[in-house]
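First chain written, first letter: the chains are A, B, C, D, E, F, G and H, and each begins at residue 1.
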Amino acid sequence: MAQDQIRELLEQVRAGQLDIDAALKKLQWPGVAEIDFATVDLHRRQRCGFPEIIFCEGKTSEWVAGVVRELVAAGQDCLATRVSEEQSAYLAKVFPQAEQDRLARTFWLPASSERETVGKVSIITAGTSDLPVAQEAYVTARVLGTNASLIVDVGVAGIHRLLRHYDRFTESDVIVVVAGMDGALPSVVGGLVDCPVIAVPTSIGYGAAFSGVAPLLTMLNACSANVLVVNIDNGFKAGYVAALIARRHGGKRT
Amino acid sequence: MAQDQIRELLEQVRAGQLDIDAALKKLQWPGVAEIDFATVDLHRRQRCGFPEIIFCEGKTSEWVAGVVRELVAAGQDCLATRVSEEQSAYLAKVFPQAEQDRLARTFWLPASSERETVGKVSIITAGTSDLPVAQEAYVTARVLGTNASLIVDVGVAGIHRLLRHYDRFTESDVIVVVAGMDGALPSVVGGLVDCPVIAVPTSIGYGAAFSGVAPLLTMLNACSANVLVVNIDNGFKAGYVAALIARRHGGKRT
Amino acid sequence: MAQDQIRELLEQVRAGQLDIDAALKKLQWPGVAEIDFATVDLHRRQRCGFPEIIFCEGKTSEWVAGVVRELVAAGQDCLATRVSEEQSAYLAKVFPQAEQDRLARTFWLPASSERETVGKVSIITAGTSDLPVAQEAYVTARVLGTNASLIVDVGVAGIHRLLRHYDRFTESDVIVVVAGMDGALPSVVGGLVDCPVIAVPTSIGYGAAFSGVAPLLTMLNACSANVLVVNIDNGFKAGYVAALIARRHGGKRT
Amino acid sequence: MAQDQIRELLEQVRAGQLDIDAALKKLQWPGVAEIDFATVDLHRRQRCGFPEIIFCEGKTSEWVAGVVRELVAAGQDCLATRVSEEQSAYLAKVFPQAEQDRLARTFWLPASSERETVGKVSIITAGTSDLPVAQEAYVTARVLGTNASLIVDVGVAGIHRLLRHYDRFTESDVIVVVAGMDGALPSVVGGLVDCPVIAVPTSIGYGAAFSGVAPLLTMLNACSANVLVVNIDNGFKAGYVAALIARRHGGKRT
Amino acid sequence: MAQDQIRELLEQVRAGQLDIDAALKKLQWPGVAEIDFATVDLHRRQRCGFPEIIFCEGKTSEWVAGVVRELVAAGQDCLATRVSEEQSAYLAKVFPQAEQDRLARTFWLPASSERETVGKVSIITAGTSDLPVAQEAYVTARVLGTNASLIVDVGVAGIHRLLRHYDRFTESDVIVVVAGMDGALPSVVGGLVDCPVIAVPTSIGYGAAFSGVAPLLTMLNACSANVLVVNIDNGFKAGYVAALIARRHGGKRT
Amino acid sequence: MAQDQIRELLEQVRAGQLDIDAALKKLQWPGVAEIDFATVDLHRRQRCGFPEIIFCEGKTSEWVAGVVRELVAAGQDCLATRVSEEQSAYLAKVFPQAEQDRLARTFWLPASSERETVGKVSIITAGTSDLPVAQEAYVTARVLGTNASLIVDVGVAGIHRLLRHYDRFTESDVIVVVAGMDGALPSVVGGLVDCPVIAVPTSIGYGAAFSGVAPLLTMLNACSANVLVVNIDNGFKAGYVAALIARRHGGKRT
Amino acid sequence: MAQDQIRELLEQVRAGQLDIDAALKKLQWPGVAEIDFATVDLHRRQRCGFPEIIFCEGKTSEWVAGVVRELVAAGQDCLATRVSEEQSAYLAKVFPQAEQDRLARTFWLPASSERETVGKVSIITAGTSDLPVAQEAYVTARVLGTNASLIVDVGVAGIHRLLRHYDRFTESDVIVVVAGMDGALPSVVGGLVDCPVIAVPTSIGYGAAFSGVAPLLTMLNACSANVLVVNIDNGFKAGYVAALIARRHGGKRT
Amino acid sequence: MAQDQIRELLEQVRAGQLDIDAALKKLQWPGVAEIDFATVDLHRRQRCGFPEIIFCEGKTSEWVAGVVRELVAAGQDCLATRVSEEQSAYLAKVFPQAEQDRLARTFWLPASSERETVGKVSIITAGTSDLPVAQEAYVTARVLGTNASLIVDVGVAGIHRLLRHYDRFTESDVIVVVAGMDGALPSVVGGLVDCPVIAVPTSIGYGAAFSGVAPLLTMLNACSANVLVVNIDNGFKAGYVAALIARRHGGKRT
């Protein structure tokens, strides 16, 4: 609760316009929906600009659906990620109106169908095998209200493939680069542009890629000064922060 | 054997009340039940305050059942953890009277149905996906005779969810915090209370969580001075030691 | 601020006994001392039962002394750990009345000289080389008001050395076990007692001890159910939580 | 070279306004200064919005000074990081007019003294020991032309220290959070704000912090969706990208 | 070829008793059976005292059977380890006379049924789940001609279980200790005896056992000076070297 | 585009033989085929001497087939590696004329059936289980036009198996050594020859082989000065570079 | 205490030949010397065949000297390892009669000068840099009473250097192989002999040798079945167990 | 000894031209020089095309000088690497005629001053800090008789720096790429050329470069098919194998 709001409340108490129990309740408004297996953060939209997002791994289909219901009941957008085949089928029955993208493994049930878009996000992959992770970033950046676009399979082994998109890069507000194996692409892209680059390592590669550790380390050590990193295969977070940056640049805070 | 007991035994020998072979046997009482595939520690209850507990991974259903039988025959409580689906079904047939909790993956067959409870244990999870591990801690703390309760999904991304349980924390004798991903919750909880906090890392998260290594390291490095750590996903041990601490505080040694 | 305190404050506001600016300030009392290089937590004693403790690594002597001054000014006990030779000499000049233990690398400046002790903490080391870490635990447990005692060099290679202290173990409220190399001692001690065991890995050993990683893993995997773990060489935290547990058992919350 | 520039050049060739050797040279303008031990990237300012920055580790003082000279000769700003004591003393003699910050270990020699600032960057540290890394971020963000400010020692063990700066956070365009040990602070800060959070792990902590690996993993696994990560102790990169983001929001591309 | 043999051969050449091509062939006798997918070492029995042993992982059933056939054809004993269910079924059809132990996953087809045994090997496990690995050691030690015996489930959490076998230990020529989790048992056993102890880590345990890495490190760091280590779950090698040691002591080189 | 080509183009522009749009297009010829899920590098054959090779992991069968089609349409040879059972079956239907090797998991569809071979490549394995990786190297070296041959199962435990192929080694232009477990073979082979040795670690072995990490480290640390290393199980790359080296020696650049 | 001894004692008690307090004392004879900083195991010689050995790392010179004094007072041999320059100088003053080997970093003060030797131990190094570790093994094996000999610098890059010692190997009771870098030598030696091989990894090598981890893994994965492993640079333990094995074969238990 | 040589020897024995002891000696010619601390491989030049090279780490100056003397006495070239300051000063006194390069840390004492060079080796570094390692490769490639040249500081953050050397790359027989931090340069270079690329990771970078592990992994995972890898900072081996490849292409086996 902001200082202004507290002051107003105290003044209402003094003026007798608000009784103490009501004041106490307001000061302690939970901002949550409590169910048996979850404490849904209904206040997050206000603090962070976007509602709580559901990470589906390790949850039963029923648990996921239960949280979706609470968000819907609170009139909030609902995005879920890492939706398994089984969860997807279950949710499709319960919420047939939702958009599911099986390549990205996302579930999207907006509170309203209108959505204005601002800012440009370019999402690039080094190889074709990185596409599912890139797609998760793409879906996320779009549902957060940005103009996102994909450029696929332009890794450094054939660097001319990358350079021909140069003009598109320089128009971007932020670039997401998705790469497995050597994870070298973000360093190269970073050296070509003046906007932030968000690097996403993927778990693609031979044994010593260690399920994404090799490209993760490459990216953390990127010699270009504008490269930031997220967790292995975490297309969602890359898309999310890309949208935060692009929307700001577009003059609109989330 | 304690010194007093040895002295008494020696006096009986001198007095001719005990013959030497009987004395030798007493001095060397095994305190075990030996079966083909196990040496069951029947003396543990006396030393440690609770009988041997069966860890079911890597065992056939027959082996597990065999150890249960020896504990039952010795009139001791029997708790088994990490019970697989297959083991669970087998045990349900052989010991239909036992309580099995499939979320916690526990098997519980008490020697007697009476159980007095003392001390307060709060078990908190950062997310919904941490629930199975928390449930193992919950079941364990309860069968060891404490008043245990669960608070689910109050991770640090929405810290108001946690703070609203503040009063409950300050009444606890010990708090168990279960978290995957960043494992940041125990540090925050630790900073709010004056009792010990037992942190349990879970194997939930994206690639660089490394199946629980990331939250394990976070917890070992917790900046709050009252945070102790157990192994990844080891809800059992957290519940066990929490009960030891809570029962002592309740004036009762296990 | 507890609910009771807020209610009272609101009633004072309504009664006109407290003006709004004063109420606002109380609701937002910082509980900190701010200096250029630190935000000292003066409220910690109230929440956690003991004032903030100063970890000296990575700090200049001047920074350490600055924080000590704030704690002293607030009338609080002051414990500092990991005090280097250089810091120790500097602090000895500025605070000659403080107790410094160079084996433990601690600095202790109590607000008052009276101190009642409750509860029993036994601190055991596997080898002689583990002594500095154990001493840090010992000093910490004592300044937190418990009866702490040390048993040195009773590792599992000569297990009779351990067993002769059996009676002392069974009288302890909690046992701290400090070990490097194989880190096997906590498992053995844990199997002999019914109180919690806090295991502290040390960085002593040959190459594949990896500066304490080997005993850390051993302890996390201890087969005895009552063993909890702290960070490598972190005698301080072991002593701290041991004191929390022992004082509670002694009927006194910190 | 952009397509427009190439077209113009080709038209000049056709018109006979530009001879072929000159055209070739332009098409292949090196954009570098070559010296024995370095190939200085004089074109970087044009591509990336800021000149090449000198990373001083592993270089002799003479090599560093040689690169500084080339940048100065080209009329470009010159920032150097990780300046050792020895390098600092050497550079102070050769470039007495430069600003050196020994806490941040930076060297700064701007081409011109005027500098307009836009955008707000908040830099927060969990502890006092994290200050040198934070200072590197602070200096970097300022020389890149933003309004940067520092908040020190507000880690999660005393979370009220953090919450009292809440208003400042919500006014920031981007927040840099610097933390060692458990690295938990970025997750908490991330959950409170709607702007990007750049997390910097530091090498502060006990053994199992592994010189910054523990907080690095914590931050990669941050449960808050707006947290990005840079390399251990890399305050420079955090400050650099923070400035990129803040300047854009301020309506000004670097 | 030993020097004596070469001298004799040269003397036969000089005496004209051996022509040059025959001499060349002898000097270069291959000592192998070559098949498409293997080069079977038929000379190993002579060098190492026991024929080549077949490690079945990564081989088709046909490949395994092919190597068995070559050893049988050469009149040598044939031991195969890590036999999968599929390989076992296949081999049972082709070599119905072989002894297969499915707990140990071994295949044994001796060249002759007579076998004299010498020396005493004790094989101990910390828990019941370690039994398959111990059984592989047991089978191996026996087919190499020693008196091997098993003691199961005597881990350090109940150390009296171990101590009651003390007399048996002191009669052993060598002891194999198999343990997962904390891997503490070899250190304790080592401190009780004057013969070599071979420690075998197993992949049993919670997350931070890292599939056997934790007990492997414990054992490499064993504080008892007589403990040697083999690879994770490598019961075979432990049984093999135990037999080498025991047979020597029994006055018989393999 | 090489400098000569640019000069010629510029002269054509000046001479009016080439209009500006055509010149622009030539200067910016993409050298790629763009499809929804891939940017096929059609220019790689020209730069690197061999067309792009398809790594099939993480791709749908349709994606693989789509890239094959583009290469075929461009008249280029098509090699695919790591072809799964499912992909293999799909490709067999679509491209029945292609050669598939299921042991090597390769797909090979040459643009023309003629192929001249030069240079000698020897591929050696330490064990039979290393054969699939060696076969991948073998197929690759052959389709790149060299005389490749396989020597199987000559590991260092029976070093005479290796030494009998000595003459063959000394005739090789390059040797590929494939080994799991201890990965010791390349060091031994390296010490016997004067040509480069390419070492390929495989994921064969007991627990502490860590799926190929142990032999990878062995090979990186090979005491013989002529040993280079590729990724775990990467027979393809070993065969590829072996062919590059052997063809050069054969007087023919790829 | 063995069963026979206990029976005798009980009979003496019954016969009145031994009073109860004396009996109690005998049953609980400590077998230790307790000093402030150590619990010296005076009973180890009886259990393990050799007195306690002092590991000097992490100890002050005074602590080391104190333990030496207790062993000397008890009439036992005294071996200390890892003696630093400072400790060595201190000990030389206090115990001028002791033998110190500065290459091996050992201190040796026997209780009596007579020493009969039995059994043959060969100690081999791969390189010259491995010599200090080998020397520690050599000194240890000799003070334990075996005929030990050294063969230096016969690594696998020039395997003929090794093969010329073949006859010596086949006469050994046990072979110790000391190697850094690739650690390949034990595998090769193991394949040539029928006795146990104890492998000692050293911390010699380039970066990816990781201070001995690379050869440690190589040795744990040795393809020869007779290779056992000790910790990195632990020449002491290798020499110790080698002596145990060689003395047994020589018909004499330690 | 080759088959032809053995046949000739046997024929001489038969013809009585060679007596048996002489024949034995020839068959067993050691090819080594044995000194107390080394077994110098005098036969390596014959097998591998270049004499044994001395790795100086872990050796005393006297040991190094001793081996140099043996090589000189045998009329062989002598190259030593990783020469420390202390060793360098010592060697300069004993062998003043030798060439020492302190940046590369090499010592070079050729048997004859004539040296013909063949083949082209390009050595590239990503940054200036990689120069010492590159210099070691450069010196090595030159003393092995190739035309080696250095290109410094052309990392991927400013890729135009690299591309301007394109013509030089395409003329090389082999390229050595030296890079720390992200290690991305070899992947980019590999995609531009048709010759082998040898990648050398260096220990330069921020914390998560882990002293060269990050670029090592990047290089092992290089997406370009022609990239091979050597150990961290091992410029020597890269230069050595580069020379082997270049000399072959130049029509001359080493």
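Here, a residue touches a chain if its C-beta (ideal position, glycine included) is under 8 Å from a C-beta of that chain, and two chains touch if they have at least 3 such contacts.
Here the structure is a predicted model, which means the values were calculated and not measured.
So which pair out of D-F, C-E or C-D basically repeats C-G, with more than half the contacts the same?
So the equivalent interface, with over half the same contact pairs, is C-D.
Considering subunit D as a copy of subunit F, what rotation angle in degrees (nearest 5) results from a C-alpha superposition of the former onto the latter?
180
By mean C-alpha coordinates, which chain is most distant from subunit E?
Between subunit E and every other chain, the largest centroid distance is to D.
Given the two chain pairs C-D and E-G, which is bridged by the higher number of C-beta pairs in contact?
Between C-D and E-G, the larger count of C-beta pairs in contact belongs to E-G.
Express in whole angstrom the distance between the two chain centres, defined as the mean CA positions of subunit F and subunit H.
Averaging C-alpha atoms per chain gives centres 25 Å apart.
Please work out the Cα centroid separation of subunit B and subunit G, and write it as a whole number of Å.
Whole-Å distance between the two chain centres: 40.
I'd like to verify one number: the distance from the centre of subunit A to the centre of subunit G, where each centre is the average of its C-alpha atoms, in whole angstrom.
For subunit A versus subunit G, the centre distance works out to 59 Å.
Taking each residue of subunit E in turn, which ones touch at least two of the other chains?
Residues 3, 28, 44, 47, 127, 157-158, 190-192, 205-206, 208-209, 213, 216, 220-221, 224-225, 231 of subunit E each touch two or more of the other chains.
Name the touching chain pairs, please: which are they?
Every pair of chains in contact is listed here: A-B, A-C, A-D, A-F, A-H, B-C, B-D, B-E, B-G, C-D, C-E, C-G, D-F, D-H, E-F, E-G, E-H, F-G, F-H, G-H.
Could you pull out which subunit D residues touch subunit C in their complex?
127-131, 151-154, 157-158, 160-161, 164, 180, 204-209
Quick check on the complex: what are the subunit D residues that touch subunit F?
So the residues of subunit D in touch with subunit F come to 3, 6-7, 10-11, 13-14, 16, 20, 23-24, 27-28.
Which bits of subunit E are touching subunit F when the two form their complex?
The touching residues are 28, 30-32, 36-41, 43-44, 47, 52, 55, 57-59, 63, 67, 201, 203, 211-213, 216, 231-234.
If we count contacts the way the header does, which residues on subunit F are in touch with subunit H in the complex?
Counting only subunit F, the residues touching subunit H are 2-3, 44, 47-50, 53, 167, 173, 190-196, 198, 216, 220-221, 224-231, 236-237, 240-241, 244-245, 248-249, 253-254.
Could you pull out which subunit F residues touch subunit G in their complex?
126-127, 155-159, 181-184, 187-188, 190-192, 205-206, 208-210, 213-215, 217-225
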